[in-house]
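Letters are used for the chains, namely A, B and C, taken in the order the chains are written, and counting of residues starts over at 1 for each.
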């Protein structure tokens, strides 16, 4: 048996003097409330407060970070039963496969999160392995049956103050509204407005999405003008339900406005199934511009997650669906494609635009320089393929020079895995403490200043950037 | 009150053993004379030797590093009175605003430079803050009135041996010539030939620039052949005035030659206001090639600062002019666009080409490989958005493998802020000492070799590269 | 005299605690057998087992790492006698030039390799210098005459278990076959199938290559179908001779399949000398796709070395030939250009595709994300301009997060310089020990796990990836 006992100093620097400083900095923020301004947990989980499913369904099957690395080692998605309905899966068998390949995660952030979760949330004290698989499964099953491991109990135990979900504009936000009116739940769960489905005329999802939005808003979306009205109306609805932000995911960040006439023409062509790819791109770029315009008007923070090729392996998509590990980073770019948007709204009072990337060359070349001039622009925390301690260190080193700390977003967990939230925030707090400690011992920052920065990064910064 | 006392070990590595080595390396070069082969101080400042204006006009309003970060935090340029004539500004009010936002600079190189300047040049012993703003302003005002804080006195005190300015070919270099003939000034101030205005037919500045150049050179610039003659004549004039180098700033580094006929045709089209963008680009690329040809002939070092989008925020440009913080890095490239130039001049005896970038991906992929083959090519010091200790470390780590130390340019301060010159060189010396010390303690370099490299980087290297 | 005594702790981390761990990790693998699955040593060297030529011909003239840096400092290739026939060169004169410029290599990996070779292979105890040049030359000459310094003796002494060469499909592999049948040689030398010459119709080398391949295979290569058959036949021949892998070098990694009809048409156009550049590119992209298809069929590992501009300085090429230091890195890309290949073969059982790059932005953005999903894809070790300790550290930091250790290729020396093989593997082992030690002291990995990883990286990993 190999003990599972995450070290209290993990991720803090090796040099003893630097580590001492880092310990003090980390100690100051380790227990701070969690502000999670962007993620993918379903509000219904907290509304229903049902016990989590079995360990495989909690830790493995829905988490593409985990499944993609197993897949890369030759474990097929059939073996992980991804193609099956959740209720038909053999959780114990999947869990055993995972435990057998536990070494695959050595050196990865996934291992850090899982170790922290298993040890600190579930009290597991042994590493997963072929030998320990069954015992661990049983232990976890036992825990999951306890009331203290229900979503709401964990929400409290994790110290989550705000949790943002991600939602379609046509969503009725029923779970959010119910939670707000539930006197037994004191947490704050807020929706985020994500209108990706409405961006690209000609895609199969577009026309049905327009129909759903018309239904939800009571506004005819058969015209471009109607779509804008409907979106505005739903943004107001999201704000009334506690939302403070929008999010948009696109491959390219082009934000060139079109005339209303041209937009209207493409909208109608889209409904008639006669839109070219160039027209669809122009339409999408215009909508990105309009989203900024709307944010200037209504104050919703605009998040931009650009530069991901989605669903690149068609055979896997067709058999196992989206979010199964084959989304891949693209060459990114913000400075040029966002130029029209920034020209018109970059200095608009109250406008907040948070830029994320999976292409780390953008940190020093585009995002920090933009955030270091435009009052509206903030450098989003390292995202997805860049959410490891090493990448966080590169991000801070690349961004701080031109943008300081005050123009960074604070940590974003961006996760579907509710139980990994504290581990993810903890990783970020440790990584930032390590970065700041190094500035202290090289006399670039006093320890007092570093303490102030560390505190602001987990509190004032996300509150201000996301208007929480 | 928070003390301002830059630590003697700042920027040196945290590990005690490495720090000891770094201290010795830094100690060896800390007091070496300053060679500044590229910058933007006006020679007239030293000729006239008048007292510097008030603290705001010295530290804040002309420094886009400072103003852009304040702007990014929501301090408007109106508040900083950038739109006003210098004599109408309320320096104390601007200074107070700056002090109130002193925390914005935490972790940035701007903070390092300002702390060093305030403490080591002006003897300030308290951090800027809302509370200390007025006292600091008064202290600085008092210093600035003293004779020891006039430009020439500071030039001596800073230990500047050579200071290069940046000048238009049509400039009469009156200040340079007067300084050379002034027996009371023993410093060396040399002009740098920067012909950017002449590159792009069709831009509003082009025809007036040609006229000014014709006036200055006495050569008709109404033809392309005339322009080349005039440029050659002015290069000789700059050389006679002590110049050793040229500089060119372009967005893309294309250097494809055109036939004289084609160039002549575009030149005339430019004067007639009938030049297309493609023609203007071809003309510019040809001139870049011709500049290299001229450098091969006359021996002037060719510097290339490529890859910056200038004046990207039009509303700010229109209201506050250029150099107000919205120049932004572009995706860079040297290997492909410079290919024709390097084919013809890359191995020409005596030709020196110094390549700078704000896209750090070029360090290991383009600049170091080029400098590691072509005798003419040198890797320019990290520039602008990359002039921090962290970026200097990345530069050395990325460039040294393929190009060693002997093909790097030595430090370039590239500043308009005269009083920041010693702080900038000091940062570089500390950062290089830190880098070298790490090579020593990991036994990649003996300490003796490291001492030799440290000395060469501040002395032999810039002298040789820039032919000082 | 300056002693040459490579430190036993070189490249291990400076921090004493981390160094202790690194020493133990390195100690575990320092003496492990060398598996060299990709390189450019000629099998004939081992078959003939003749003494190596003089020191200049061993260390300098054939090594473009060495000659390019000397060239960059102004030592002409005439001075290094690169243009001359090997037998007409004045080895001692060339050696003296090299020794005089020994400082050029300070801080570069070339210095590390040469120091290790000179000290540990040849027992030299003094640094090269103008003063020591002749004595060192004589000492090396004496060593080279000893039987213990013949290729086979060194092969044994270096502990090489497998050495892969790189060979044209038309090669008769006579040396390989003879070595396999030679009872006095117990080493394993295997060929690698590299069909670059057959990729691009219209290049001067293409038609003669087809003719040679027809001759070697006995299959008519006058048609596209014939070429595929001939390649398949030679792949089988290489496999029978011990080969386990292919390699392909291209500028761009496009792998879009063509119909057989279209391929056939371009093939014939190529033979008729009437192929356009676009057709040649399409043909090449199709062949890359077909190479993957063949690897799926026959199990040969597919290596891809993309993104190098070859022979960029035409005057040097014309006078001194290829491999003379002016190959330069290009902007790389794998995710998009390989998409069709990965769609069809990315999850094919047994298919192995090892991706190398000289553009390090690909590590975190493309290679690690691909290797972290596709069971077939492995992240090739840092290549060429990126084969230094600093770049190895960046590679590990960038790749491990998304791909772990199990999807990396293990070290590749990729060298023509036989005597540098142990130094290159030693550098990699030290660099990996340093990286792992840092994970241990920051509690991201237990020391036991790190030991396991260190061992796997030099043994199981290359065996598995390259099917050795």
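What we mean here is this: contacts are C-beta pairs under 8 Å (C-beta built on N, C-alpha and C of every residue); 3 or more make two chains touch, one makes a residue touch a chain.
Here's who's who by UniProt: A, B, C = Uronate isomerase.
Since we're looking at a predicted model, the values are computed, not measured.
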Check: At the place where copies chain A (Uronate isomerase) and chain C (Uronate isomerase) touch, is the share of residue numbers found on both sides over half (same) or under half (different)?
Finding: different
Check: Through what angle, between 0 and 180°, must chain B (Uronate isomerase) be rotated so its C-alpha atoms fit those of chain C (Uronate isomerase), rounded to a multiple of 5?
Finding: 120
Item checked: CA centroid of chain A (Uronate isomerase) to CA centroid of chain C (Uronate isomerase), Å -> 40
Check: chain B (Uronate isomerase): which residues touch two or more other chains?
Finding: 13, 15, 361
Next item on the list: Can you check the complex and tell me which residues of chain B (Uronate isomerase) touch chain C (Uronate isomerase)?
Entry: 13, 15, 17-18, 333, 335-336, 339, 342-343, 346-347, 361, 364-366, 368-375, 377, 397-398, 400-407, 438-439, 441-446, 448-449, 452-453
Next item on the list: Name, in rising order, each residue of chain B (Uronate isomerase) that touches chain A (Uronate isomerase) in their complex.
Entry: 2, 6-7, 9-16, 68-69, 71-74, 103-109, 111-112, 309, 312-316, 325-326, 328-331, 358-361, 385-386, 388-391, 394
